[in-house]
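In the part that follows, the structures are each spelled out as structure tokens.
Each of the next two complexes has subunit A plus one more chain, namely subunit B in the first and subunit C in the second.
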Partner chain A sequence: MPKVRVYVTLKPSLLDSAGRTVRDSLDKLGFHEVASVRVGKLIELEVEQFSEGRVKEMCDKLLANPVIENYRFEEAE
Partner chain B sequence: MNVAVLRFPGSNCDQDALCSLREDIGVGAQYVWHEEDALAGFDAVFVPGGFTYGDYLRCGAIASRSPIMDAVRRFAADGRPVIGVCNGFQVLCEAGLLPGALMQNASQKFVCDHIWLTVANRSSYWTRHVDRVLRIPIAHGEGRYVADEETLRRVEDEGRVAFRYSGPNGERDPRFNPNGSMDDIAGLVNEAGNVLGMMPHPERATKAILGGEDGRLILAGLSLVGA
Partner chain C sequence: MPKVRVYVTLKPSLLDSAGRTVRDSLDKLGFHEVASVRVGKLIELEVEQFSEGRVKEMCDKLLANPVIENYRFEEAE
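So, the complex of A and B:
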């Protein structure tokens, strides 16, 4: 069955609280080279057949919120 | 006046809302399950707080796609009163009934406190009885209001900000903003003014024993409709 990977990321202009917390924690572990962390979501779908239009509709209707998020997706093996 | 108090899996302020409306505001109130698809017999809708669907995906995202929300959209389009509190505010934004979104608090901490609220526009259904700065409880982890620049400007220009976080005398200062919301926005209304979303909990401030009764000034309008 075809798999689809949907990547949902916070718009760059928005403060990412989770990303900031992860960055601070990495810094405490000695990874001082990390200037910034952004945390996003990976959503994996298994579909009967891959249709770009249908996946786009899923993203627009539920998987991402266009007010705060961007998304992209790809068919994966 | 009969108010529909919506219930989703994970709602947890539904009982507070029902009690407050019945006992303190003196209006009828009934629970309505999210799988219902009609609001016949109701004069207003209360979308309560909680953690619907465990906040999975995004706060309010799954609840906003429930069958009852199509009915709420029609109800709101008819100009009838709808209020969403806390998670209910998130549900209304996710449903597209209010612009913008609510994100994790800038402090990255859950805040549980009493805050001061200044009414920004008194012409809406929900704000017309608010004649002073209010003291209302908040309890949320994701209450930071955000919108893109154009939306924010439109909301401000149209006077749709209902409430802002402030000091006790209405003064605006970042230290009075508990979550980092843009423009100190604590609540806003739709274009017609009949749909209100707000993070603070007016239904938790309608009895003296709860520490204050300022929430009555927001919910008071309900008891006057049809009177």
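So, the complex of A and C:
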């Protein structure tokens, strides 16, 4: 069954408070080389048949919030 | 500044209740071709210098929970 990987990320202009928290925690743990962190989602779908149009529709309707998020996807093995 | 993408996924043996909810919602929206959904995290880091060992350490210590999650990472552009 085809697998699709969808990557959802917050738009770059928006403040990512989860990412900021992770960066601060990494800093406290001694990872001072980390300048910034952004946290997004990785959504893996198993579909009966891969259709770019259908996956795009899923992203626009449910998987991502187009107002604040970007997404991209790819078919995987 | 080098970018690193870290992908964190729930181990396949574990029930992914968020993924299940997304699958049910997709089904209700008419996307009956989706057999299963797994929801993971995509963490993007900007680091001063890429070191595989250091990123592995970050994953083991903070970014992933090795008891229930798998991770992989790659340097990006």
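Simple rule for what comes next: the second predicted complex is superposed on the first by the 77 of 77 C-alpha atoms of A that agree within 3 Å, B and C clash if a C-alpha of one lies under 4 Å from a C-alpha of the other, contacts with A are read in each partner's own complex, and residues count from 1 in each chain.
Here, a residue touches a chain if its C-beta (ideal position, glycine included) is under 8 Å from a C-beta of that chain, and two chains touch if they have at least 3 such contacts.
Remember, it's a predicted structure, so these values are computed and weren't measured experimentally.
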{"item": "Touched partner set for A:Leu29, first subunit B, second subunit C, both or neither", "value": "second"}
{"item": "First, second, both or neither for A:Arg54, with subunit B first and subunit C second", "value": "second"}
{"item": "Contacts of A:Leu45 with subunit B and subunit C, given as first, second, both or neither", "value": "second"}
{"item": "Contacts of A:Leu63 with subunit B and subunit C, given as first, second, both or neither", "value": "both"}
{"item": "First, second, both or neither for A:Leu15, with subunit B first and subunit C second", "value": "first"}
{"item": "Which superposed partner A:Met1 touches (first subunit B, second subunit C, both, neither)", "value": "second"}
{"item": "Subunit A residues touched by each partner, larger count belonging to subunit B or subunit C", "value": "C"}
{"item": "Subunit C-contacting residues of subunit A that also contact subunit B", "value": "61-63"}
{"item": "Complex contacts: residues of subunit A adjacent to subunit B", "value": "14-15, 17-18, 20-21, 61-63, 65, 67-68"}
{"item": "Contact set on subunit C toward subunit A in their complex", "value": "1, 7-9, 19, 22, 25-26, 29, 31, 33-49, 54, 57-58, 61-63"}
{"item": "Subunit B residues within the subunit A interface of the complex", "value": "57-58, 61, 65, 93-94, 99-101, 103-106, 108, 144, 146-148, 151, 180"}
